[in-house]
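The two complexes that follow have subunit A in common; it is paired with subunit B in the first and with subunit C in the second.
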Partner chain A sequence: MSVEVLKTKAEQGLADQYTAARSGLPGAGNGWAEGLREAAWETYSSAGLPHRRIEEWKYTDLRALLRDAYPPAPALAEALTGEDVLAALGPVLAGLDCHRLVIVNGQFRLELSDAGGLEGKGEVFSLGDALGDPSHWLKQTLAQVNPPLNDTVVALNTALMTGGVAMRIADKAELGKPVHIVHMLTSGEAMSVTTRNVVVVGAGAKVTLLESYVSHGSAPAQRNAVTELVAGDGSQVHHIKFQNENPETAHLTSWMTRLGADVSYDAFQFSLGAAIARNQIFVAFAGEGSRSHISGAVLARGRQHNDTTMVVDHGVPGCESREFNKLVLDGSARGIVQCKAIVRKDAQKTDGHQMARALMLSDGAEFDSKPELEIFADDVVCGHGSTSGQVDAEQMFYLRARGIPEPQAKALLVAAFIGEVIEKVENESMREAFLKLTESWLAGEGEGG
Partner chain B sequence: MLEIKNLHVKIADEETEILRGIDLALSKGEVHAIMGPNGSGKSTLAYVLAGKDDYEITAGSVTWNGEDITQMSPDERAAKGVFLAFQYPIEIPGVATMTFLRTSLNAIRKARGEEELSTPEFMRVVRERAEELKVSSDKLKRPLNVGFSGGEKKRQEILQMSLLEPTLCVLDETDSGLDIDALKIVAEGVNALRGPARAMLVITHYQRLLNYIVPDKVHVLSNGKIVRTGGKELALELEKSGYAEFGEAAA
Partner chain C sequence: MAAVQETVDHVKEMEADKYKYGFETDIETVKAPKGLNEDIVRFISEKKDEPKWMLDWRLDAFERWLTMKEPTWSRVHYPKIDFQDLYYYAAPKSTEGPKSLDEVDPELLETYKKLGIPLKEQEILAGVRKMDEPSELDEAAGGEYGSGRVAIDAVFDSVSVVTTFKKELAKAGVIFCPMSEAVREHPELVKKYLGSVVPVSDNFYATLNSAVFSDGSFVYIPEGVRCPMELSTYFRINEKQTGQFERTLIIADKGSYVSYLEGCTAPMRDENQLHAAVVELIALDDAEIKYSTVQNWYPGDRNGVGGVYNFVTKRGDCRGKNSKISWTQVETGSAITWKYPSCILRGDNSVGEFYSIAISNGYQQVDSGTKMIHLGKNTTSRIISKGIAAGHSDNTYRGLVSAHRKASGARNFTACDSLLIGNQCGAHTIPYIEAKNSSATFEHEATTSKISEDQLFYCQARGMNEEEAVALIVNGFVREVIQKLPMEFMAETQRLIGISLEGSVG
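Let's look at the complex of A and B:
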């Protein structure tokens, strides 16, 4: 049975784009890659863009929020230099000592990257290139790492992805420096960018992966980015995201993560920019004795909309999960945290806890929090909590009684609030950078104002 | 000079008056004690002087050095030299004690038209004053007042007072929660700050503190009014007789 679904303007635009682009997308001509895209397009087009009647998208109605589908970014973006990349990152992050991998408008740009051969402990290549001649491991991995059921944004990404980073870290490798994937948008005109990263961390390896999402210029953009990450048994992964895109950007990212046994996974997401941001995180425990600690900091003002939606799936016994999110909301900003923990029948001795806290700086800001626990095992410890409140009046009075003027006192208290979650970033340079960026935001700088 | 005239105060949004006509004159170089039973309005007076906005002044005036301070914000008052040592110092998780001290000191210096202290100079001054008050450097590394005992918090208050060098010090039950050793240290810290340029208002329920910080005058506050004023010996008298005679009958 086929039901004709009325398409929105953006949906019609996407359909036209797929029809026009499919024969020219990376991997065209390769049966496996074409099959992957076709299947994904079917999944997407059967439902279209998610809207408010889809429970997971209740607060972020893409049918309503995306008026148009912007044209895809041109295959080869304008001439860019390393200086432009550093400028887009901003002075605070530009100085970070790291292996830098640069993706501009959906294309991995080797000449702008400085991976240093990953110290001989892994391999990095362009996903776009690899789709034309996929290796065995890529075929075993791509679109198969904890894929969310019926998530049409992820399906749309698979159908339209133009490139990104494919990376493997060798077993037992310990990288001396963080790997920093820079996702950069640069254009004078409105455009859409669809990128995909695949990262496989070998057993016992230790890696810190930073993904930053930044703009060079102020043109409107629609971004759909997915990172699939497999953490091998006994590996230790720090996975950090920094998002400071321009205030004309609709930002959709999905992290799909699968953890082996005895893995230590620490994730942190720091969101400052974009008009609309949806941060999806899907984590699955596939081996016993692992821990996943995910935290997030959101600073939003003006009319910014920031939605963090997570699903943590305990499929095996004896794992620990923590989700801790803090949001500072000013102006008419809207913050959303949805976090679902699933504890399957066999996942005994699961220890799961989630907390979301919002600090409201104005009467016009809104916070929606939706914790969900689906527990099918009987010997587990799980909990959730959520709070929202204003700056504490007693603390304000105390600071002001010590001569600190109101704006400065408020900035101190807000920085203290968000600092609690930024402190969870293990890498000192990144932590310091994020604290500095918070200070600038509080001083009224940055995007989204 | 601090001059309080016919001061009437109620809690904002409530009807009941807490201070019902206070008159007080405190000159620089003097230390006055305010004693009184619980609920007499002592802490309200302290908060009103510091500018807490939970209270509303319905009549009367408060001037400091001839300036009406009642319309000033708490930070403006602090810049004019007003300092309240809190009965219950506030814990602020996430704000490092040193960051707080430096922000506070520099804000006040700036308001006074003085230059900010350099980091090494600031560190030196804090270390010096902290040592005098037996505040360990470990405590200075923690978030402000978090996990401190009552006595440690009170010492932090006096440390702040010593750093900010206010000219009008209001000490609200600084003795509460202190054992005798801590009381002596705090009193020494306060006495070190006594001088011709500084006025002090010491609010306490018990006479004990006044053995160490000897006041020039003692005022008895009862039911929102000063019902008796005398010399330091009045405190001893109160210690013997209690506040019973200043109870409801005095109202």
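Let's look at the complex of A and C:
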């Protein structure tokens, strides 16, 4: 007997949206783009939104968490100035010296961006525009960089994406300043935003890429963002994410990354905001001798739900991977870390380690961890660790005995705990910014709890 | 043709050598007809002379089983089992008891010998004398109770053959008997505890077991009693195409202690045999249960043909305060192992432990681990798991550690290490760690690596061959767990590890 799966309200809403919007989405009329969307919609609609029976989404049940599908953001948002962008970024990040590329409500806004100085080192354009007349490299890349199998959230992104940044960095180019892609939400009403970035880093190039996700205003939003990144042989990539969206936002991001040979890939994700956040990272090693170091810091309180899910796929020999996540959970916040390392049969000499640590500040907090190893090669060194607990009583006593009041002593210990992972950010001004943000988060402790 | 036949025979011999316990005892048995339906359930119940409430319990389980689906989430692959193509009941034919061991079917005696059962117990097992009759051998042994201090309950195919040392145990107030006897003699205990840890509809195989369980051991340790000897059960699947569904229930009343050993083997068969057991442990206030398993069912031949499907549900309930349940397992056999001995830490200050060695070679598939569910305050648990994968095998550790909202002060330490031998095998670790209480402190670590070339070289330079060296290193790797085994099993296990890894190198 086959049982027809009933659509939830959100699923029905998404289906209606796709039917209504498909002819108006970027790339409509282009056979390739339409085919891509159609296939992705098939993948999505065969399973619907992921729920707790889907192993990878065990702890983040979107069918239950997303009550409704918000309408897509209007094609062109109201007039915005550069000042508004800086205000949304906040004082700490606004001062960052960088090439700023601004995406507002799903549209790449050239007039708000500053891509000057990139000439000769690469090209940047709007993905939305490019879908109508795709270049050869885009066709070779979009939706093909390490796509996760049966992930319906990524498929939904492909079906509904409205725009984003398409960027190609020339071989051996060295960018003096970080490229900063600002993903901004601004609206007085509830809306959904689906964006896609495609980044191809040429062989031997050196790039620092910062993606920030911020809100201008406090209206509820649903975000589904995907970044596909290809790192060419011998390139060095620093990939950083900063997320501080308003507490009404459901934030879903997926990074799909493929590393060539001898690549050095350092990623860092810093999560502060959103009601529900799911940070997916998929990294595949396609060339020998590469290393991938991914770390993350999560600060959550109130009823925030933060899920970091990673899959690191060692398909070739001689690569090294590190995943290091730290979470501070207060109030009734729920932190989740799922990290899976796959070592395929031929991936001998793999060196892979993962660690997740959670510090729980209140009784209502919850931490779920699932570090997973799937190993088919024998000559490997792999390990994982996971710990969770409260602030160490002895350390606390030590500080209190020296006359430091309890709240400050606690803040000091929490700052030290999370500081360890923030220190991994190489860019000094970003690192300083994140440490400052941690400080102010700690100062506001108790607000949301 | 002849040459081919010779080769076949030769290979057969070698295979038989590989599986030391691959002998089959040809004894007349009574079997229920093949297949499973309500009548079979009634037949089993009737054969065992069960009261009506037991039959109703079984029928209820069978009805639920019909609505359930086989689980598919584990990392094991096997052709679909035809549950109608199995015998659900086989019992050795009972005849008038022989007068002395000389009259007993020599084949049966040979079986006992291979199992290493002392002569005195063989007498009882073979039915020469009853439990409460004195044996001539008693005097010969000199001591009050003879030499062996292990009480054995042997389960052949589906039926408990006999239980030894019953009288002495009874003196201490300990009940140690076949499950079928407990149903008749101690219905109040069975009614109270059976299915209270593993509910009837817990999972597909546990429900199947509830409907057709044939026999198993029942243990009750009264309040304040320290069981005077190790209790042991020996399980053996002898008959072709039979499923073995034993059910074990151990209750340790307040302040009592018991150590229980379980050993399993099966003869060599081409077709797969099904083993779906349920084990329930209940520890009340201040009680401690130590449960050790050495599982060496037939793992299939070198091409992965045959072998036992071992789908077992084992769960312990630390129901009382300060209670403790400790699982130790050595898993070397079975084509497929699917078992997760778990502890529900319900009582405050209760302790759960899980020590495991899982060795897979050839085409074996192991998906095993544990669950530690912290419900009470200040509960602690410890998991030490050692997985060794060789040949074409797949070895998965799957575990859950969870702390309930009210489980303040919960503490867990987990270490799972995997060792890979050869490049055709796989080792996987899938732990779930769920902390819903901020005062819970959970630590988890896992490593996967291969045997160190240095260690191997060191041993070989001292004249060991590669296989010996590997066995030595592996024994070192699992030492932490072996030390947790009762004395009786330690030496045997070390040898077993060597045997299990034969053919894994070179």
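Note that in this section the second predicted complex is superposed on the first by the 438 of 449 C-alpha atoms of A that agree within 3 Å, B and C clash if a C-alpha of one lies under 4 Å from a C-alpha of the other, contacts with A are read in each partner's own complex, and residues count from 1 in each chain.
Keep this in mind: contacts are C-beta pairs under 8 Å (C-beta built on N, C-alpha and C of every residue); 3 or more make two chains touch, one makes a residue touch a chain.
Keep in mind that what you see is a predicted model, and the values were worked out from it rather than measured.
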Next item on the list: Would you mind checking which one, subunit B or subunit C, touches more residues on subunit A?
Entry: C
Margin query: Just checking: does A:381 make contact with subunit B only, subunit C only, both, or neither of them? Give me first, second, both or neither.
Written below: second
Next item on the list: Once the structures are superposed on A, label A:394 by its partner contacts, choosing first (subunit B), second (subunit C), both or neither.
Entry: first
Note to self: Once chain A of both complexes is superposed, is A:402 in touch with subunit B (first), subunit C (second), both, or neither?
What the structure shows: first
Notebook entry, point to check: Now for A:413: first (subunit B), second (subunit C), both, or neither, which partner does it touch?
Noted result: first
Next item on the list: Give one of first, second, both or neither to describe whether A:428 is in contact with subunit B, with subunit C, with both, or with none.
Entry: neither
Checklist line | Interface residues of subunit A shared between complexes with subunit B and subunit C | finding: none
Notebook entry, point to check: In their complex, what parts of subunit B are in touch with subunit A?
Noted result: 50-53, 73-75, 77-79, 83-84, 86, 89-90, 92-95, 99-100, 103-104, 107-108, 111, 143, 160, 164
Item checked: Touching residues on subunit C, where the partner in the complex is subunit A -> 73, 405, 408, 418, 420-423, 425-450
Margin query: Applying the document's contact rule, which stretches of subunit A touch subunit C when the two form their complex?
Written below: 55, 329, 345, 348, 358, 360-390
Next item on the list: Over in the complex, which subunit A residues touch subunit B? Could you list them?
Entry: 394-395, 397-406, 408-409, 412-413, 415-417, 419-420
